[in-house]
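Order as written gives the chain letters A, B, C and D; numbering starts at 1 within each chain.
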Amino acid sequence: MELNKEQIREIIAKRVAKELHEGDYVTLGIGLPTEVANYIPPSMHIMIQSENGVVGVGAKPSPDNIDPKITNAGGIPVTTKKGAAFFDSMTSFTMIRGGHIDATVLGALQVDQEGNIANWMVPGVLVPGMGGAMDLVVGAKKVIVAMEHMSKNNIKILKKCTLPLTAAHEVDLIITERCVLRVTEKGLLLEEINPLFSLEDITSTVEADLIIPPHLQTIAA
Amino acid sequence: MELNKEQIREIIAKRVAKELHEGDYVTLGIGLPTEVANYIPPSMHIMIQSENGVVGVGAKPSPDNIDPKITNAGGIPVTTKKGAAFFDSMTSFTMIRGGHIDATVLGALQVDQEGNIANWMVPGVLVPGMGGAMDLVVGAKKVIVAMEHMSKNNIKILKKCTLPLTAAHEVDLIITERCVLRVTEKGLLLEEINPLFSLEDITSTVEADLIIPPHLQTIAA
Amino acid sequence: MKKIISAADAGKLIKNGASIMIGGFLKCGTPTRIIEELLAAGTHDLTLIANDTSYPDSDRGRLISEKRIKKAIVAHIGTNPETGKQFHNGEIEVELVPMGTLVERIRAGGAGLGGVLTPTGIGTVVEKGKQSLEINGKKYLLEMPLKADIALIYATRADRFGNAYLEGSTRNFNTVMATAAQTVIVETDELVDECLDPNMVTIPGVFIDYIVA
Amino acid sequence: MKKIISAADAGKLIKNGASIMIGGFLKCGTPTRIIEELLAAGTHDLTLIANDTSYPDSDRGRLISEKRIKKAIVAHIGTNPETGKQFHNGEIEVELVPMGTLVERIRAGGAGLGGVLTPTGIGTVVEKGKQSLEINGKKYLLEMPLKADIALIYATRADRFGNAYLEGSTRNFNTVMATAAQTVIVETDELVDECLDPNMVTIPGVFIDYIVA
């Protein structure tokens, strides 16, 4: 099954959105995770926290409504929703590291069956810096990795990450366009599978130990 | 020479006021130190910090102008001066412990030639708690002890404090109604003497090693 | 949207034996109505974490006078002779903590930090039984984080999202305590119909669980 | 009253080889005018402490592009490829610090604390060469305080007493940096004639030395 980038991102972002609950405070990473916001039902009240100092991030401003003093962590101007608040980086990381954020959604270069995640550098190639990711992964109550299942033809869901870690033993859930995997003490539990893919499409593209339940659930859409 | 309590407090508070400089941020302890504020010349701009979360403490409010939401560290309603700011206890002790307060003026039960100070408890008798005093003494750039020279007939300026310390090696200056003593590595330097007292009145009431300069300065008034 | 409850219901959320943080510096910025209901509910064996034990006949001071407190972790008890008396009689345990250390210990609890390294208390009885570390040639005490089951905090104004604005010198310990308890209840003088201006929020609603209006 | 100086004079206060903290998260809340003057003054061999190195052609990012920075202590360099390039070429030293750790290290410097005990970075390369402590069964890294010679911070409005109000998401690192440098210069969009409302002060003037209006 070949999906284009856009379809992949939509499948993942839609599925991640289902992990969020009424009243949750959520921090979304840059890139794909940011798109999760587009699939939160308008009736559901979710507060998006941005590590640069906003809780209650709203929609993109219209061109004539841009305030350079209100941005998200990507430096992009945003608006605020009802109930928003501004604060400094110290308070932001008190929220993040102190366990006050219900869930964080982050991309990853690699993730493994121990719940380790690598998403901040490829030695000698890409060293953007960890930004707030290390604190987010350590501190958020629930850590959701939202990523494309493979990177070109490289396997990303491993027995043990080979890239420098962002944090150890912190990932709870891995959501790709092919499946939903839960990190358990015995390996990755295949909770859901996208019916567009076969079980073989999963097992052949995951190096980690997989726990495959007798009755496979279809990915929630 | 017999002075009454009021005279004693006035001599001390007046002399302490001379230690403050234009633009200083100062935290005054409860009791006698608070009276220092009365002797700051109106032309001199000094900002008084109160550890409960005010910088720029002003005069006592008139009875019809009391706001219970604006108090000093003694719980007494105060007003604020021009340029005042409110903040929380965390910020307050960032100021205090972080070295951002130019001077603190505190009372003491005992003080010694090593710059140790005891002002928070008498075991078995009085245990009010240290409040913010330990942080103030450790953090303020200059620590001024303002106290009556003796407690009834007991000597308070010792070789070594016998009461539980508030902090070790932090006192810079001791100001009593009889004299001004500077803590130096070699003992207490008698910087000024109140002409109402003789040298003998000092030496007989101070246990600490005293350095007496050849020409005694009169207390600045 | 946060749950809006009565002071009486807030009082009932606090169980016998619970650890509670109560904001306020003496009377200023103290959530008095919830304390009234806590007194009325008869709750006892509490561990109190606060700046002070107030006055014998005021707010958390009455929790002392009426013997509801098993242990007090505070910076100052001088304004409440009842605390000193019960302490000397062995009726209550009192842990006196330097004020700056107390606020940092609560902050560490709320911010997920492992402890506080402070110069305050070095060379004093506060050092007793504690680890100290030498860092860059200077000695620091390692002080432990503090958390509580419940925090009762004050706000001058709050909105339904739990955002709180605190006026004057009422902020004191309220801001850090909001971050350091399992359940955080804010008692507000005024519940606004509209939202607070996001620039005017002293305590973001993310830290708040219940509002007593 | 604080000294009000020009951006050019502020730029000149920064000497070759100085350590400087610069507030802002990318462009937001960054004191750009002083940076312009710092560039114009030709100052070099600086140690930069900031959230990020911005963009190659913006504010502190230009300090990188124009090779004024000897060492950068930052959480993120991804938006400025020039930093990565100079880093790989060995032209610049880069110390990457998790953002939450960076803000706490600066705070520790400003608050007189001996260090930070954080769980962030445990099990990663961030641990390398650092002491860790086990506290209540959990491992924490000991991270060192950060201070600087100069801090350049942004304000939306300031008064002549140095009190500053920061709007929107401009607060970011500005608040802690104001506490952690020998000399603190605030660049304000607006200098008010009257004083700020003491309830609206984001950064109290006690932390400020100079105002660039």
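Before moving on, here are some points about what is shown:
The rule is simple: contacts are C-beta pairs under 8 Å (C-beta built on N, C-alpha and C of every residue); 3 or more make two chains touch, one makes a residue touch a chain.
This one's a predicted model, so the numbers in the text were calculated from it and none came from an experiment.
Among the remaining chains, those touching chain A as well as chain D are C. Between B-C and A-C, more C-beta contact pairs are found at B-C.
Centroid distances built from C-alpha atoms place B farthest away from chain A. For this pair, chain A with chain B, the centres built from the Cα atoms lie 56 Å apart.
Chain geometry summary: the mean Cα position of chain B and that of chain C are 29 Å apart. Distance from the chain B centre to the chain D centre is 35 Å, each centre being the mean of its Cα atoms. Within chain B, residues 54, 86-87, 93, 97, 138-139 each touch two or more of the remaining chains. Shared interface positions of chain C, i.e. residues touching 2 or more other chains, are given as 104, 107, 111-113, 118-119, 167-168, 199. Contacts between chains form some other arrangement here, matching none of path, ring, star or all-to-all. Pairs of chains meeting the touch criterion: A-C, A-D, B-C, B-D, C-D. For chain D in complex with chain C, the residues that touch the partner chain are 104, 108, 111-119, 133, 135-136, 138, 140, 142, 144, 167-168, 199-200. Across the interface of their complex, chain D is touched by residues 50-54, 67-71, 73-75, 86-90, 92-93, 96-97, 116, 124, 127-135, 138-139, 164-169 of chain A. Residues 1, 107, 110-113, 159-161, 163, 179, 195-196, 198-199, 201, 204-207 of chain D touch chain B in their complex.
Interface of chain D with chain A (complex): residues 25-29, 51-52, 74-79, 84, 87-88, 94, 96, 98-101, 103-104, 107, 118-126, 156, 167-176, 202. If you check the complex, the residues on chain B that touch chain D are 23, 25, 45, 47, 49, 54-56, 80, 82-87, 91, 93-95, 97-101, 138-139.
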